[in-house]
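Let me begin by handing over the structure; questions about it come next.
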Amino acid sequence: MKGYNFAYLDEQTKRMIRRGLLKAVAVPGHQVPFGSREMPLPYGWGTGGIQVTASILGAEDVLKVIDQGADDTTNAVSIRRFFARTAGVRTTTATAEATVIQTRHRIPEKQLREDQIIVYQVPQPEPLYRLEPSRVETQRMHGLADYGLMHVKLYEDIARFGQISISYDYPVMVNERYLMSPSPIPAFDNPKMDMMPALQLFGAGREKRIYAIPPWTRVRSLDFVDHPFRAINAPHPCGVCGATDSYLDEIVTDDRGGRLFVCSDTDHCAERREAAT
Amino acid sequence: MTLLSGRGLNLDFGGITALADVDVDLWPGEMLAIVGESGSGKTTLLNVLSGRLAPDAGVVWYRDPNDHRHDVHAMPAPALRTLHRSDWGFVHQDPRQNLRMAVSAGGNVGERLMAQGARHYGDIRGAALDWLAQVEIDANRIDDLPRTFSGGMLQRLQIARTLVTHPRLVFMDEPTGGLDVSVQARLLDLIRSLVARLRIAVVLVTHDIAVARLLAHRIAVMQRGRIVETGLTDQVLDDPRHPYTQLLVSSVLSA
Amino acid sequence: MTVMLRTKALAKSFTLHLRDGLVLPVLSGIDLAVSAGECVVLTGPSGTGKSTLMRSLYGNYRADSGAILIRHRGETVDLALADPRTILDVRHETLGYVSQFLRVVPRVSALDVVAEVLLARGLDQAAARDTARALLLRLNIPARLHAIPPATFSGGEQQRVNLARGFIAGHPILLLDEPTASLDAENRAVVIGMVRDAKAAGTAIVAICHDADVRDAIADRLFSMTPFQDAA
């Protein structure tokens, strides 16, 4: 596309973001502020993820973009086309083919490799956001690893509901040091983050924060010894491919209560269907 | 061997002398009352001793459970914060300052345990129940929010929350201030028996001499930033020597 | 017999700053010695400093000069020079004091007021309460009063709780300030019995006692005080 730098952002901005990314990778789970730029879409639509992707993309990369697991929603299509135009990179819907995967709120079912990077779109990077209104105070808590408050919240859940009631954006401890928000992925996906071979990068455009998990890093979901973390999923097989171990979307099919449970990861589902035929 | 020592503490607030050449010692298991009227500097002294406020001059030494001496104001912030969460406690006059009003009583009591790494829900809840019993809060209030508690209950909850990690040293700032007399009596008795049983050292700031007489082994009388008299509580209150102490003691109304 | 308590040239005055620094000398040059198993009764008119001397011996009043030598843990401690923790230890271990008035603590029952002393010495609650109960009964405080805080007791009842609290630990030195002041004849006799038992156990006792009969029954020696007492 004429008039735009490769992948839209100017080189100085990419340099600034890459510095932030290096710092983030050096301190796993720690939130690094960055100078979030004006992007051609509003806050809340993935500007953070887009800026991170734009900073790491190279001409030889193959890009996959998913939105809640699907390659074919409006947002996923828009962002994929955006990079196709401004960077001229090859795009794909196949997880195995991609070198960079930008995602909103899901981790692909297929295990990622060491040569892949996954970029998460993050609305609210601060895991203590709802518990402690003061940013000054949360900064202090992160700095001093003073995370009792988060465990109190989990305690309260068990006292009130008999179990931890967090189903997405489930807080994790990264490298046994920083409390981190994994972004609003379902709790079901949390175990995939632990010792993942791929590099995981997180971008929050509105909140202007970057953080990262280097490959092969311990990521532990918070829990109690006698109330251990469980990856919860709908107790159904996929209505299309029959998978019993993937995260499912619940689709309302008619107005008589009909429902269909289908793999949220469209590529995974398609791959399984092809293998079956 | 003293547990906590202040030497040569001085502090000015823009021309107003808050502390002038103050020396203080506290031994393990002993309760020291710091009494004085408004503006005497007693709360300032408490804040300096607990590391919350830095003095202009002087040093505060603390001896940890391994017998190492630390300069409280030279400690790195994480170490001081850890100290406040474990070996030390601070009971505020207003319990709301030290409680999470949107968290249940059990959560409030268990928080310090969780901050120290406790990871067994059942054990944490058990410890919370145990402490609620020790401060005479009914067990079935464990999941209630502090918003529903009376002033005396809030103060007792604050005490439970503070003592749950078995601190060796607790700072108390007018713990019974603002409470009804009967509520005060109950709270004082509770503090008295807990402190004696757990052998906690306490620095207690109060303007109420009767509270000092009831609870403290030793007393330090402050006037305008200076300690004017110090000694055993019964000595200082029955045989006051400094003019200000004599004035203070003679001013106390008796029922 | 071992001298348990000895004063040397003990002097005490009060400076009343609220009265423009008026100085009230009360004690001067007091030399008193009390041996184990002996009861010395301080005598003299009111205002001669008997209570002041008593409180000075306990470390409650601070001496201006002179020494208060106490036999404590096999050594001699000068209470006039001792630091606060030593004084507390002496009071805990060696030196007991029965004052004229019971200082009332809210909410604590009569039984626990007395039992507390033994709890502080390491006894378990059940044993401490048993001993306290027996002593209160000896002093004719009936069982139905044991669970009640003494604030509402009569003067005589409060005094008997005070006495129980003072005697229960078996301190080697006891200071008794008017031990029978509010008591009837029967209870006076009980107290006399307790004093005799203590003496037989080797306790050194200093007492103030206005009742002549009681004084005669318990005193081995009298120490008479006059204003500005010199040699004993």
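Note that the chains take the letters A, B and C in the order they are written out, and that residue 1 is the start of every chain.
Methods note: a contact is a pair of C-beta atoms (placed from the backbone, for glycine too) under 8 Å apart; a residue touches a chain by one contact, two chains touch by 3 or more.
Computed from a predicted model, the values in this text were never measured in an experiment.
Chemist: What graph shape do the protein chains here make by touch: line, ring, star, complete or other?
Modeler: Chain contacts: open path, no cycle.
Chemist: Report the chain ID whose CA centroid sits closest to the centroid of the full protein CA set.
Modeler: Of all chains shown, the one whose C-alpha centre lies nearest the global C-alpha mean is B.
Chemist: Where the centres are mean C-alpha positions, what is the separation of chain B from chain C, in Å?
Modeler: 32
Chemist: Can you give the whole-Å distance between the Cα centres of chain A and chain B?
Modeler: Taking the mean C-alpha position of each chain, the two centres sit 46 Å apart.
Chemist: So, what's the distance in Å between the C-alpha centres of chain C and chain A?
Modeler: Those two chain centres are 77 Å apart.
Chemist: Which part of chain B faces chain C closely enough to touch in the complex?
Modeler: 27, 30, 185-186, 188-189, 192, 196, 214, 217-218, 231-232, 234-235, 238-239, 241-243, 246-247, 250
Chemist: Report the residues of chain A in contact with chain B in the complex, numbered from low to high.
Modeler: So the residues of chain A in touch with chain B come to 143-149, 151-152, 155-156, 158-160, 223-227.
Chemist: Please output the residues of chain B touching chain A within their complex, sorted ascending.
Modeler: 77-78, 81-82, 85, 100, 103-104, 106-107, 110-112, 114-116, 119-122, 124-125, 142-143
Chemist: Which residues, counting only chain C, touch chain B once they are in their complex?
Modeler: Of all residues in chain C, those touching chain B are 14-18, 55, 59-62, 84-85, 87-88, 105-108, 120.
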